[in-house]
Every structure is written in structure tokens, then in C-alpha cells.
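Two complexes follow with chain A in common, the first pairing it with chain B and the second with chain C.
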Partner chain A sequence: MTVHNIRHGDASDGAFAEAVGGRLSRVDGRAKITGAAKYAVEQQLEGLAYAVLVESTIASGKVRAIDTTAAQAAPGVLQVLTPDTIISLKTAADWFGTPPPDKPYCPLARDITFSGQHVAAVVAETFEQAVAAAALVKVSYDETPSIVDLSDAKAGDGIPIDAMTKEWGDAQGAFASAPVRICAAYNTPREYQAPMEPHGLIARWDGDRLTVWEPSQWLDGMARTYAEWFGVPFENVRLVSPYIGGGFGSKALALSHGAVAACAAKMLGRPVRLVMTRPQTFTGYGGRAATRQTVTIGADAQGKIQSIVHRGVNETSIDGMWVEPLGSVTSIMYATPNFSSRQNVVRVNSVVPGAMRAPGENPSAFGIESAIDELAYEVGIDPLEIRLRNYAEQDPHAKKAWSTRQLREAFAAGAERFGWSRRSPEPRSMRDGNQLIGWGVAAGTYPVRRAYGEAIVRILADGSVEVESSSIDMGQGTYTILAQTAAETVGVRADDVVVKLGDSRFPRAGVTGGSRLAGVMTGAVYKAATSALDQLIGLAISDPRSPFHALQANTLVAANGRMSSPRGDGPDLSIAELLKSVGRDHIEATGDTMPANSTPEDRYKNYTTIAMALPHTEGDYSRHSWCAHFIEVRVDEDFGTVRVSRVVSALDSGRLYNPKLAESQWKGGIIMGIGQALLEEGIVDRRHGRIVNNNLADYLVPTNADIPDIEVISVGIPDLHSSVLGGKGVGELAIVGVAPAIANAVFHATGKRIRDLPITLEKLI
Partner chain B sequence: MTKTTIPVHLDINGDHHELRLEPRVTLLDALRDRLGLTGTKKGCDHGQCGACTVHVDGERVLACLTLAAQVEGRTVTTIEGLAREGEMHPVQAAFLEQDAFQCGYCTPGQIMSAVACIREGHAGSNEEIREYMAGNLCRCGAYPHIVAAVRQAALEVQS
Partner chain C sequence: MRDFSYLRANSLDAAREAAALPGAMLLAGGTTLIDLAKCGVAEPETLVDITHLKGLDSIEMSERGATIGALARMGHVADHAGIRSRFPAVSEALWQAASAQIRNMATIGGNLMQRTRCPYFRDPANFPACNKRQPGSGCSAIGGVTRGHAVLGTSDACIAMYPGDLAVALVAFDAILHLGERQIPVDDFFLLPGTTPDREHAIAPGEMITAIEIPGSASARRSTYLKIRDRQSYEFAAASAAVGIEFEPDHRTIRDLRVALGGVATKPWRARAVEDALKGKVLEPDAVSAASLLAVEGAVDQGANHYKIELAPRVVARAILKLGETA
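Let's turn to the complex of A and B:
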């Protein structure tokens, strides 16, 4: 592993703010706060037509007939698409790139497996006309009984997923002989990503070339899917996604509504815009699967864990497969000599669930971090102390050293700041008037997922620097941290760097998910920028026209957009002047984080599938981000209402490329965790399998009034086993552990253990 | 269900627009689809999220629940009209400084609400700001920074 020159310093110095690690404000911020930022579906195109989806109103059965007569006759209608009239597509490979079955794919369904499935679409001259006509499409069905959810008697025990099994030692035997034993079941409901920007796209064909303006967490992966659906070369599909109005895992894949819009555009010969209504976003793609876990812990009288037996179940759809890895935190958080985790998935009549912020780790942590708290009370020791007593000094599952694990430091820093030592241990022992006060702690973790990316860095004639990559910024701050990386590496001001993202014509990048993008792309930009600067210095030294030629130096120094010799003797030129002197209008270099001997096929696979992503336990180390949440709740004794009144979280994301932006992401994760703990739950109508609260007034996400001051503390250190510049993951980490910290605080406040999210008042009174 | 359009005269950010619209066209869709003013966002189209907040005669309204024809003869300000001669409004500057947004999609609505919240005299404390900004959802979870930005801007505007 090459050790790169990394500056460690505080961010108080203004110039340092522009370098990697500095608190530079978002470089795309001005566009966003003035309304100038054009999101994907906001492109103004000539001849744009508007499509609106029609969805199934049953959860299981067959479409008997679709009567489109009235819709066809409605004003402005250009076409009505049904399974019978839409053009046929090919089945695309999944995100692993597994070769698909050779059968046609129809994005409009005849066979209904969930309520809200797309069955037809209407395209009209205006949005209003399309909405009105879509309401005139009459669909009749032959309905069959559906499996509503995990609690449905017909759901059964599901399918064992052997790949999820993790076992060592004799977990059952050790549990049976343990002096202290606890066993409890923990449930999490369906939850929804609910990004503020609904899913949608504009599709336009020019001959056999397709352009798709669509919010995307993965341009190259989605471009591949569109190409495979339509049987055109990958290069013929261009995905454009300059800004993304939130994704949280939901915008990484091309989905059936995208296929419908692209089909409509092809059939009409006009660009077509299709945006889901907010209710459609609850069934147009999958939220977090509902989960059930049992956690069984055997321990000695001092609370030292001897055995963990864990069983998990998540729901999936009738014909799709989603596995939410429920043993992911259970298996690594605490040292245990005996362990067993197994998981089933159960088919229900739902859209196939999908990725939502920390899939797997999030519900997994709700189980184990609640259970360890229960164990603490069982043996009568402090919930923080029991976590330290069972601290895992190495990865208990992979049996490898942690690359870095600042979790002890996180517990210490968080406890100190929160004032944990002033906690009164007994439940119901802290109150303020009729409010019961509870303090809870829980830990979180997320693996460091590593993949590949490439970038171009150009040093232009005016001395400015341009960075291009098909990676994206959905609010994490990619534009900003890549500007900082290029600025520091080339030696210019961040103001002089223009970062261009969100266009699949740019150098490629893998999926923006699993908190991998920042580590991957800062690495690629660092390498490209280093290479561009090396070229420039090489020219400056070797070109006879260069003022530095006579100096006979073997290197030069670039800083603040100027080039000089290391000793300060000789010329001092702006980069623009230097380029002019050697007759060049730009310098360009590509950098990537791929292995050196990669073939073009490897590259294609790397950027358009997730098959080549490196496991977090690759080589000698186990790589994870870590955090500890300390949360205070106030519970109204009479009404059972829970308010989170204080949060202190200490987090280890390794080196932060921009603490200002990382803190924002951490707080955002914590806030989504507060929603998960107290508010969020998809409610299914048991008669028709519909999501009843499929809108933002009934599916409650946190509002400003629900959120207290939140303090976050970075305890990370650079981790060069995790990324080129030393960062681990930021975006997913902070939600992990929030819900159990709140449940633990609620127990401390009330003496009631709620193991079924969300923690609503009827469960407390 | 009609092809009938009506003339609608809109005064937006000081510019006069003459449009022919179906009466059912919302102010939000008129702004975004007819006038290219896409700074005002559509998050739910049902008045639940606040992303489409604009000012009509200086008061905050939800453009998705307002027909374009309703605002004829009234003064509409959108996020594009908030900066004066390229100089950012103090609320905009505070949002950037406090990092009061991530994806940016709810941000124009948050900023329009915040300007009104301060003008209404509802930015006196963090608690008051949280309450009077609670109609604008932010799924990225920028709330604490939004409160800080509104507080900072309120002090600047009032001084």
C-alpha cells in the first residue's frame, strides 16, 4: 500500500479549507440555493410529451382486460400503453451482471403480484391531459388471494438463505449452559426512502441512440440496463443526472417506469417525461423490507457473552429476491466464542424490497443493540460498561484484525460529552414534571465497501482545472470533495476547479451506494491529478521553451496556481503562463483505482455491475466504520408520547474529506434513524394489500419540529487499508444504532421494552 | 376534461407573462412546465411537503395547491427572484454557510419559507423556528442546520 502525503491539521486556517479535509462550503451550493440547479426531469425539451402510469388495484391475480376507449378519446392523448400495445424488450442482467434468461421483458404487467404494479400508461400533450386520461383507463382483474405481509397466516417460514449462515463454536450448547440467558424478538416494519425528489425521467431517442435524463445513483449500471432492454450497444445510451434530489438507495437501478417511458418515447418518436406521483413512489420500487429477528444471548454473571444465537427473516416479493442481511452487525459487534446466525426470506405480495440507508446493518443493529441492553439490565451493569466488557478486539467472524476501530474512542468521547456518568441506572428514575427522562446508548457499524472509479483531470490554458466523472452528487458532497482533491493535488485554489459529474459520457464510476463513492473517487481524482501535474512539471523541466528549463531542477512545486522551484530560486510563473510558454493549451490525464492489468472487459464489468466490488475482509484486514449514539428521550407519562430531546454521537469514518459535509450526512442519518424509531411504518390494508399511508402526510418522516440539537464528534483516524486517502464510509453509518439507542432510552425512561418499531404511544400506555 | 384554455396574466419575479392555460393548471406546473422556472420543486403535489413554497403578495403559499389562474393580478416571487442583482438574500447566504441542505431539492421551498418565517416574526428562538419551519420536509435531515441558518439570517435581516 502506497502511503500518500496527507495533510493532517485542523481546519481553522482559511486556505486549508480548500484542501482535502477542509471545511469548504458546497461548490454546488449556489446553484441549489438560487434555483439554478436543473434536476434531471427539469430539462426543457422541444416536443416533450407527458406520461402517467396506471397501477394495479389488486395485489394478486391477472389482468382480464384493459378498456382504453375513453382514455384514447380524451383530449390531447397521444397513446395508451398496455401489455398488448407496448413494444417488447429483452430481459436485462441483474446488478451482478448474471446473464439473464433469454425471454422478453414487459414493464407493464398482466400477472399481478402486488398492488401498485404498473399495468398501463397514458401519454398526452400536457401533464394535465395525461393525468385526466389515466383516470379513464378501466382495468378488470381476476383476483386471487394474496399474502399481505409477514404476519399473514399464509406467509409461512420462508426460504432458508444458506449464504447468510454464519456459525462458529457451539452456540446452542454454550447458550444452554450459560448462567445468564436472554431471548427476545425484534421487528422492524416496511420503511420507505421517500427522497424529496420523486422518481422519474425524460427519455429521448435519436435514431438508435437513447438519452435518459434521470436521477441516478449509478449512471453506468442504469445505462447498461437500458441498453440491454432495447438491444442497443452500451455506448448508444447516455444517462444524464446532474443533481439528484435524494436517493437513500432507491435510485441505483433502472426500473420498470423507466422502461415504460423509454418505450413510449421510441413508439412516439418524441421525448417523453414520466414522473411518479408521490403515492406511486411507495410501490414503484421497494423500500426497506419488514424484518423479524430473534436474538438469544448466553453470558456469564459478569455479562461476558458466551454465545449468540440469531435467527432472522425478511420479506421479499413473489417473484423477486431481496435479502436484508440481518446477521451483519450481530456477527461482528461483540466478541463471542460461540455464534450462530441464520436467515430466511418470506415471499409476500409486495414490490421487491430494495436498498435503504444501511440495508442489513440497520435492522441488524436494532436486534443486537437492543439485546445487549437487555443483557446489561439482566446482569445489573451499565449499558456502556457491558459494551466495553464485550469489546471485539478483532473481527470475531472473519478472525482478522480491524483495519481501524475507534469504537472505544467513540464510546469515551460520546459519554464524556453527553454526561453519561451522571445517569441514574434504574428505569423510571429520572423525570422532569410529568416527563419521564431516559438515556440510551447503542453502537453502529457499516462495512467499507470498495469498488472502482475513474476520472479525467485537465489543466486548462487559463490555469483552471477541470474534473470529469460519471459519478454523482445526491447531496453527499461529491462535487465539493473532488474539487478539494484536485485543488490540493494540482496546487490551485478550489475556486479554480470545475467538477463535472452526472453524465455517462464521462469517465466511468461504479454505484454510489454502500458509502463507497467518496473513497473511490477521491482516489481516482488524486491519481489523475497527480499524473496531470507530473506531466506539467515534466514539460516545465524538459521543454526548451520553458523558463524552468535552464534551472536543471528535477522537480517543481505548484501552489496557489503558480509554479516555482522547491528552493524558491529561479522563475515563479502562473500555471497559465507556463502552459503558454511550452505551447500547450491543456494537459490531460486519466486516473483510476483499478488493478494495473485490468482488461477493457474488466473495466466494463467494474462500472456496470457490482460483481467486482472488493469484500471488506479482503486481504489481512476487516474494514468498517463505527459509531456510538447517546440519546435522551422524554416520555409523557400520561400520553406515552416520545420526544428525542438530545443526541450526542461519536463516529469513526476514518479520515473526513470535508468535515462540514460529513457532519451534515451524519446528522441526516441520525434524523432518519429518529424517524425509524418513532414514526415510520408502511401500513398495509389487509383486504387488498395496498399501502394505506402512501403519501407524505400519512407516512410520517421527521419534520423540523421533531428534531433537537444534534452533536456529532469525529473520532476517526486515516485508514489507508480502506481507501487511497484514508477515509471510510460516512453516509450509511450514522443511521445504524439510532433506533436501538432510542428504544434503550425509552426503556430507561419507562421500564417498558419496545421491540417492535416504530415506538408509538399505544405501545407505551 | 376540456380543451378550453383561458388567458392568464402572471407577475412573477417582476416579469409579466401572458399565458393560455387550462383552468386546472396549477401555479407549480405553470412555473415548471410552461415558464421554465424549475427552481420551485414538486415533491408531493398534495401540499404535504412544502417543496413548492413560493410567495404570493409576500406570503408563503404552496404552489401545488394554487391554481395559476388564482394568482392573476397578484405578485409572485419564486426562488429565482429572491436574489437582488446577483446578490444573495441573507437567508440564501446563511443556508450556504451553515450547510443547511444536502441534495438541494427541498431547499428552494425551505428558503422561501424561511424568508417568510422571519418576516412573520416567527424566528425568535430555535423552538419557534422549528415549529414555523415544520411544513417543509427535508429527507436528507438538514433540520438543525436549517434552524441555525434561519437564526443567523433573522439576526442579519433585523439588524
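Let's turn to the complex of A and C:
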């Protein structure tokens, strides 16, 4: 398990760095940059065997036969798994906890629905032996025609998803009679999370107990899935995931490769390691679904919106269902009396798409935030002004008050810092030699997802504090903010707090996704720490052996690891001395944020499914984070190359538990948004239904050279409707709106409206 | 498991002898070779490690030009003061190639020998048809994803683009490759695919690049390498141009001009038609733009790579005009 010595951050950290809200540097930073941090699949286990996957080379059809003779005979091979030889599993419930169909689950496919599907696996004594033998597995197929993507003639209109329909007023009628009308289609391609650490795991069985070392955004959810697959009690599965080398949504669920490794380990009676190759990470699980949207806006001559009609489509797989909610931003960003949004999903021969940073909000914002920009030019007013004219004073869909919405403040702060008022309105009116310069703005939002969490806080004999939780840190800073929360609450230095995460034996937590973890876990740690401290104070006052006993005070003050009376008239003891005086070696308290009357079943459901997550519009308020991006691009007029030269973003994530870490997450989101706008696209060979740029030389993500200095400004205020300590979401927010801000800037620079991402050079020359 | 033997050569003769064995391949920085072995394209039986050979990593400047040992690292050559001042296009081609980490590892000899990035070439498990890998098996790329494929020098058998940058600059300045005792102009070293795309270089088994000689010239001294791509760094060229100019004493009339293209052709592509059209002329934007169009004479696109035909002449023109500004 991982133990951190807290290091103080840079000089700017200042005296308050250690409290909640302070700029403490990442406590796990040193371990990561020195290579000391041990990731899940780096465990050295006795008897480890290595599994390598064999994937389908067709996109649609059936496996006719698998010839494993040569692979079986290859040196070092321990077993070759095929759909016929792998042990049978039970189908597990999905992440909502929907009871699964009572049929077996086989993680190796006979029926092929996409290219790159796992069809077999080879396990050998060494990784190299397994790789070599995997190449000897001969699979023959009966191929059938495939549906390549949304543009395939065979794809059709898809399946309407009624739950996505949002309508009020008479959107079509109001549009027809509006004096100003725009209508355009916006497309986003398949995009991939591309975390630095590829997916993989080590699985080991000890009798009917399974231990899985696997990078995970959700230990308890994945442990449940493994337990259900193998028909063992939840408690028998332990997931360990101390560090995660990036997830971006892709590491929240137990996936078929995990099932293969766990089966192999069980069948062999040895621990098995399986790590995907980089190309396999493009088909072993889903990235962001490709989407299409049409946005029509009717407005009056002043640009006041009268109607929005929105139609969205996203792709899903042949046998899986992924809905990327495309109307999520469309329906709340602007005040409109008439609105209609509907969505279909279309089945294509691809792996089932999955969650990727701000699923739904991200493509949704590309549609509406591009369209409103088009409207601004159509009406002839400033793109910032049109957003203010249509500012939604309450949630237009839920018809509830915002818990907090500092979006106006974000527009103001961003515009001021960026110098928006100096913008020349005409497209192509700003240049520097061959470089056309464009300024664009777009807003973004992300709902506050809330759930419950649990933590244990121990005050130890030496006065240090230990926090345990099965939540995780994938770089966003959980180790650090939980140390800050415990330090402030118990009254010790953050140095003296050890946070342990990433082990499903610890008190439980729900999924780290949807930017909910910080709000959930600071709340749980705050509660646990408060009750641990209360216990300590109680003992100090009531135990006859305590030096405070004679004082007859009703409370004590804890600060800097010491206890004293509120009036400073009694003894002044270190926590260690106090514990010693009352003969205790530690004090511990578990805290959770569940409602008091929760049953054990509720708790289990909360931690292992997302069914208990609270709607963001529960009660009287609609809760969201907000942001405004101001972006400058330079487009070479001969070459069509786009470079982002300036970014100023103002963001409302409520109260920041650690501004340094929040800023770094925001910047990360903005960088990912730059990649989405300009570079990222899964390219499919239409004849084979296969992604061909399945590696990091060909699937381009931004390099440092593509990223200018990014200025982020926090405009949030504490939002106690959103979380115990007042924070809203941080991690997903900042990517939302970046791509449209860039597309809008490109239009301003060139006069060309690009509605298909990414904006590559051939679209502009 | 695919076993291979590893041989560390301690003399040039030993290296060449070992490299002549069937299935033997030279190993320099390994940044291409290991990568290709991982995709199942390269399956060497013997790796002959040449990185310990002495005296092959030097950079020698003389009146006649530069001689660069085949084992000199990309990063070193890019930073070398003499190369930077007398062959700016060579230095620029190198520092805009790959990433800093790769440039620190990769050698000049290996760089010239890098293979195409055609995704079909690199994925034998999914795309058995590839004439370059397997003569006569067909070409998976034609009719497929071709955004990065060549528009110049293609054949019915293969449309794969030569991805390197350095060789483009070398072709522009008539560099000579030393294969031990034998010498060959770099332009002749790279072969067009024709009906034999599997034969990429005029090099025989047991031969090895030992050095590159670049003749010094006024046009090499006033030269640049302009590389255009969607990503600012660490991407192969969408189109690039190595250009060098020598002016007459009037600083306006072009006495000598060198133009070569990268990112658009099946081999580093010398654009002599552009050179001939402008030599003896006064440097003037319209004339330069018009002449630059000759760079893509005879180009054939596959649809998705059509933009290269538009882009390449603009890159050439910009590079020429940029050099003109400093005259």
C-alpha cells in the first residue's frame, strides 16, 4: 500500500497551503516523477504468467474455427483460451445495477461485431513467448457485411431514445415564424481517451478469493462485476489500484480483457498478467462515440432566441448501448421559450463506445456553442453579447433556480483578461503576415454529480493521522485534498497525515467519474475526522487520567497537532502526549455521507452501482459548474494550419479545495479540448471497418509545442447545495466548450465555418 | 518465441560480413527497427549491433563540405555549429523530425533507412496484402485510408510515402552516400516503387552506410527546411520543402536554386522543374508561385491526399520567398 510523506509545494504555497483551499502541491508528485510509484501491473508476484489477446481481423461475421495447434506447441505456452475452452461466467449487472439476463457471459467472442474484438488469448511463461504464440493462433471467419459508421448507407436513422427527449413550447412553430433563422449540422468523430498507462491487470486466485491489481476509477464497482462474473461473494474480490496513469472515463468498468485474465488465472491456478498493446486500446474498449447534431435556432432581429430545435445521433455498437446525451448543454445554456431536442442512436460495427471526459456535454457544447456563434454573425452582434442577451437566469429545462451560476462573472473576467473589447468584429480582419488571427469565445458547463462516500480516519499514538478510502487518485489530487481535509479538521499539519487509497478493503467509495469524487470524499473525510476529533476531545475532558480532566471545560482546541483549552488557561499537550496519558494507542472513526436511515443494501448499491447518484436537479435547485473560454488562433492562410496562441478561461467550480490542483485539472481539460478541436480522430478503413491510426504516432494528441500558456481564472463561490464543503465539479468542466471556442476563432480568422472536427489543414486550404 | 541472435560488431568488416548472412539486419538506434519488429514487420534472425563501431559518429567539416558518420545521432548533427551555419536546411530537417528523445537515440544511417508509415504496411496481421512487405500480394492502401500517402512517384503496386526529413535536404544538395568503398548519389540510392516496391534502396546485403558527404555550396549555406503538419511537433510532414538559393551579386537574380519535397512522394523528391524555371530569373512572388506549381507536375492523388497537391507548391513558394527576404 502506498504511504506518502507529504512534501510542501513551491514557495507560493504559503502558510495556508495545508488547509482546505490551500495550494498544497501533489503529495504523490515526487513518487510519480521519480518512478517510485508502483502501478498496478508492476507488482512482482511469485509464479506470474503472461496473457496476450488475439483479436478479430474482421468487423462482422462469425468465427468459423480457431486452430490453436501451432500456438499450443510453441515454447512456454501454458494455455490457449478460446470461446470453447474458457470457463463459463455469469452475466454481471450493468453499472445501474439492472438485474442481468440469466445467461452465461463469454469474454471471448464467437459472433464478431467489430474488428479488434477479443477472440482468443494465449498464456505463457513469459510475455515474449505469449506474444509469439498469439501470432500462431489461426482464426477463420465467415464474414458478413459490416456497418462502418454513421455515414454508412446501411446505418439508417437508428433507434429513438425517448429518455433523451426534452421539449417545451412549440419549437417548430416558433422557428418557422422567427425573423432570423440558422440551421447547421455539426459532427464529431470517434475520439479516444489515450491514457498514458494502457489498460491491464494482474489477477490472482487464492481458493475462491480473487485479488486484482488493476488501474481503476471505481474499485467497488469493478469488484462487484468480477464477483458477479465468477459467482463469488463481493467480499471475496479485492481490487488494488494505488495509482492510475490516466483514465479519462475509460477505467471505470471491469472489461472483457479483465475477465479473460481472471479466467486464465483461475484455470491455471497461477497469477496472470494481461496488458493491452497500444493498438488494442483502440478496440478493447470504447472511446467517445462519433456524433452528429443539427441545431436550428430561431431568433428575433436583436438575437434573442425564440426557438431551438436540436436533433442528435450517436453511434453505438451492434449489441451494446451507449447514449451520449447530446442535448445536455443545448437544453440549459440559453433561455428560450420554445425548445425541442431528440436523439437517436445508430448501431455500427464498433466496440461499444464509452465515457470520455464530459460525455454528452462535450459534443453537445460543440453544437450549440458553434450555432450561437453563427447566430451572432447572422444578427450582426458580438458573440459575447449574444450570449449575455440570452443568459438563462434559471434552468430553462428543469425550471428551477441555479444553485450558483457564475457564468456572467466568467464572461466578464475572461473578456477583461483576454482583451475581448479590442476584437475587430469582421472575419479575416486581423492578421500578422501570413497568419490570420481569430478570436473566439464559447461557454461550457457540467452538472454536479453527487453520491455518497465513506472514509475512516485514525488518530495514531504518535499524533499522526491516517485516512483510508477505496477511492482513487488518477492524477486529479485525491491524496492531497483528503490530507488537507483531515489536517484542517483534526488540527494537525498535512505532513502528519497519511492517506491510503486504491484498495477495495478500505471504506467504500463510488465511481470516480463525473467530477464527483472531491465533493463526495472531502465530505466523508470531514465527517470521519470530525467524529475522531470529538472522541479525542471527549476522552481528554472525561478521562480522569487526562491532564485536561481537572479543567472541567466542555471543549478543547486542536491546532498544529496540539490540544489546549479555548481560553488558553490549562495545559497544552501534543496529541501524542494526550493519547499516552489516557492509555490509548489510537482513536478511529468511520464517517460517511449516506442518509442516516440507509440500509446495508442501500450502501452496497450506492458504492457498487451508479443507481443512487442524486440527480443534479433534485430538490429546489439545478446544480452545475460553468465556464467561458476565450481563445486566439493563428491560421496560416496558405497552409491551413491552426495554432492556438492564447487561452483565457474563467471557470466556476464553486469552492476550490486546492486551487493549484484545480487549475491543473482545468488546464488538462483545455489541452484535451485543443486536441479534440484540431487533431483527434479515429480513422476507419471503410472496407474493413477497422481503425487504422491505432497508435500514438498516428492518433495525434497535442504536444507541448501545440499548447500556449493557458490562463485560468476561478470565479466560483462556495455552493453548499452542491457539496458538504461547497465545491462543484472540476475535472470534466474545462474541456466543455474548448472545441467550439476554437472553431469560432477559426471562423473569425478565416471566414470558414468548420462544423466537422477535427479542424485539420485540408479543411482550410 | 521468436529467437534471434545478437551480434555486437567490433569492426566494419565484421559488421558487413555478419550483415550479409540471411536474415541479418543492422541495428543502430533501434527506433525504427524495434518498432517494426513489434508490429511483426521486421523479423530479423540476427541483429548486428553497429553502435559500438569506432569512428563512425564524427562530423567533419572541410572546404569541400561536410562528412557525417553514419552513427552520428540526429540530435548531434542538428546542433552541430558547422552544419547549422553551412547547411541550415539539414539542421532544420533534423530538429523538426521525430521527438527529442528519438533524435537522441537515432542515427543518421538509420534515419535514411527508415520505412514508410503506411498503416497497412505496419499491420501484417490485419492486412496481409502489401507489395512492399510481400511482393505480389497486392496493395491494401489503394482504395483505403490514404490521407498520408504519396502523390508523386507512385505506381500501381505501391503508393507509400517516404516519411523522412533529412533525406529531403540531402537530395536537394546532392549528397553522396558512402557505402564503405562504394559511393552513390543519395538521389540514386532511393528507388521508385515501380513494380518492385519491396526494393527501396540501392544497397546490397552486406553493404552498410558508413558516411554521408554533403558538398558545400552557396545554396546550401542559404537554405531552409520548411515542414508543414497539423501538429506543431512530433509528426511527419503533410508536405515539406528543402530549399537553397544562391543569388547573383545583385541579390535578386537567382543563380542557383535547389528544391526538394518531403511528405508527398514515394522517395525524397528533387523538384528540378522548379529549379530550372527560376534559375536566371529575378526573385519575385508571382513568378515563384507559378514556378512552384511545377513541383507537383504529374502528381496523382487518391482523394484523401489531394490536399498535398495544393499544399506542396505553397510550401515550396513560401520557403523560396523566405530565403529571398534575407538576401
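Everything below uses one rule, namely that the second predicted complex is superposed on the first by the 752 of 765 C-alpha atoms of A that agree within 3 Å, B and C clash if a C-alpha of one lies under 4 Å from a C-alpha of the other, contacts with A are read in each partner's own complex, and residues count from 1 in each chain.
Everything that follows uses one rule, which is that a residue touches a chain if its C-beta (ideal position, glycine included) is under 8 Å from a C-beta of that chain, and two chains touch if they have at least 3 such contacts.
The structure presented is a predicted model; accordingly, all values stated were derived computationally and were not measured.
Contact with chain C, but none with chain B, is seen for A:V692 once the two complexes are overlaid on the shared chain.
Of the two partner chains, chain B is the only one touched by A:T34; chain C is not.
Once the two complexes are overlaid on the shared chain, A:F248 sits against chain B while remaining clear of chain C. Of the two partner chains placed by the overlay, chain B and chain C both lie in contact with A:P75. By the touch criterion stated above, A:A194 is placed in contact with chain B alone, chain C being left untouched.
Contacts of A:K667 after superposition: chain B is touched, whereas chain C is not reached. Looking at the shared chain after the overlay, A:R26 reaches chain B, while chain C stays out of its contact range.
The partner that reaches more residues of chain A, of the two candidates chain B and chain C, is B. After overlaying the two complexes on the shared chain, residue contacts for A:P325 are found with neither chain B nor chain C.
Legend: residue contacts after superposition of the two complexes on their common chain; A:E42 is shown touching chain B, with no touch to chain C.
In the three-chain superposition model, chain A touches both chain B and chain C at residues 74-76, 126, 128, 132, 697, 702-706. Against chain A, in their complex, chain B makes its touches with residues 1-3, 22, 24-25, 29, 32-33, 36-46, 48-49, 51, 78-80, 82-83, 88, 92, 95-97, 99, 101-108, 111, 126, 129-131, 133-147.
Residues 25-26, 28-39, 42, 44, 74-76, 126-128, 132, 193-198, 243-248, 275, 277-278, 474-477, 660-661, 663-665, 667-672, 695-697, 701-707, 709-710 of chain A are the ones that touch chain B when the two sit in their complex.
Every residue of chain C that touches chain A in the complex is listed here, in rising order: 1-2, 40, 99, 117, 119-120, 123, 125-127, 143-145, 147, 228-235, 238, 306-307, 310-311, 314-315, 317-318. Residues 57, 74-76, 115, 126, 128-129, 131-133, 135, 279, 434, 636, 638-641, 643, 678-679, 683-688, 690, 692-693, 697-698, 700, 702-706, 758, 760-762, 765 of chain A touch chain C in their complex.
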